[in-house]
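Report on one structure; see the data block that follows.
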Amino acid sequence: MRIGKVIDNVWATRKDEALVGVKLMIVQLFDRPRGEEGAMIVAADLIGAGIGEKVIVTEGSSARQMGSLNCSPIDAIIVGIIDAEKKTPGGVG
Amino acid sequence: MRIGKVIDNVWATRKDEALVGVKLMIVQLFDRPRGEEGAMIVAADLIGAGIGEKVIVTEGSSARQMGSLNCSPIDAIIVGIIDAEKKTPGGVG
Amino acid sequence: MRIGKVIDNVWATRKDEALVGVKLMIVQLFDRPRGEEGAMIVAADLIGAGIGEKVIVTEGSSARQMGSLNCSPIDAIIVGIIDAEKKTPGGVG
Amino acid sequence: MRIGKVIDNVWATRKDEALVGVKLMIVQLFDRPRGEEGAMIVAADLIGAGIGEKVIVTEGSSARQMGSLNCSPIDAIIVGIIDAEKKTPGGVG
Amino acid sequence: MRIGKVIDNVWATRKDEALVGVKLMIVQLFDRPRGEEGAMIVAADLIGAGIGEKVIVTEGSSARQMGSLNCSPIDAIIVGIIDAEKKTPGGVG
């Protein structure tokens, strides 16, 4: 998994029907050494992460192991929200 | 998933028979920090994305969870077209 | 698999229920040439790795082949702890 | 998928028996922005690509969705040969 | 698949039981353009590769398609040993 920070929503009216009703968030990864910014990905969110929160993201086929997404074309999902009081890499929260 | 911009079609007359009739687009990813260009990939398109549109691309085995592509040798697919009025990374649309 | 060093725990009170009770560790990978630091990932740990230990991490769907994690949204797991007396890349242990 | 150019064959007399008779080619990817060279990978070829041809390569588990390779330890395969008259990234053909 | 050179063994007394008896080798990949060194990975070896030999490595779920590793937490495996007389990238052998 990777640590990242939710920075925005992303809206797509035209999309695969399996994604209708699935909340999609833009997550800035903080997986690089020395505080460099990592990739910016789009992750599905079933647990209610908000913009600015630090999250744990699972990628690949493992992203389809959560909730009802088993047959959805999803390759990244937010699986946890990092506790704010815990100091973790990336310098946020 | 990754955000990208459709920049071209790609044509291959000689190809695996499972890809016959599948529209393939070249997508320039915008997943790098600070607006740097990301990788240039080839993604299948079942939802009618046009050149110049910003899209969401799913990669890996999850790309085979859409439509009739379950047993196709496809590792990237366009799953959504980002709404033009929404400002998203990459500076397009 | 990749070699890495466990550098911290990560705590997430709000998370997918399949992750409740699963110990999550931050691992700094040492997979770059010439001793450069690699990515910082979050890996599940079922074998009791401690902070500072050098470990072997498996990523992707293969991370779900261990223990009871078959249907968990896990994409990285610690599969071995490198023997301390053995000199391995990364300069630790 | 990625665009690449076939640059050589690769020969391995000692190999997994599932790979006996499978043609393996070295492919230089052209997936970086601004014409930079990408990674050099080894891809299986079932469609008769020749050295110098531009091809589309599928990676990951999707590479096992073609022909009789379903249970082979193959993670990259040539799925199409790009039409020579079509101008595509990489400056070849 | 990627081309690499076996540079060392890796020893882990404490490990997942599915890995007991599986030989693990450190492989330096040669998949970068212009002879740059690639990532250093740990790959399982069932075909008897020796230190210094150039090998072909399969990654991801495809690494579990070989021998009895179907349910093992393995994400990289040596699938072939490149013939020494054949000149291939990386300048070895």
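First chain written, first letter: the chains are A, B, C, D and E, and each begins at residue 1.
Just so we're on the same page, a residue touches a chain if its C-beta (ideal position, glycine included) is under 8 Å from a C-beta of that chain, and two chains touch if they have at least 3 such contacts.
In this text the structure is predicted, and so the values were computed from the model without any measurement.
The fewest steps needed to get from chain C to chain E, moving only between touching chains, is 1.
Centroid to centroid, with C-alpha atoms defining each point, chain C and chain D lie 31 Å apart. The mean-CA centres of chain A and chain C are about 19 angstrom from one another, to the nearest whole unit.
Across the assembly, chain D contributes 38, 60-61, 63 as residues in contact with two or more other chains. Starting from chain A and moving next to chain B, the ring of contacting chains follows the order A, B, D, E, C.
Interface residues of chain B facing chain D in the complex, by the touch rule stated above, are 8, 10-16, 18-19, 24, 26, 28, 36-43, 60-61, 63-64, 71-76. Within the complex formed with chain E, the residues of chain C that make contact are 1-3, 30-34, 38, 46-48, 56, 58-63, 65-67, 77, 79-83, 86, 88-89.
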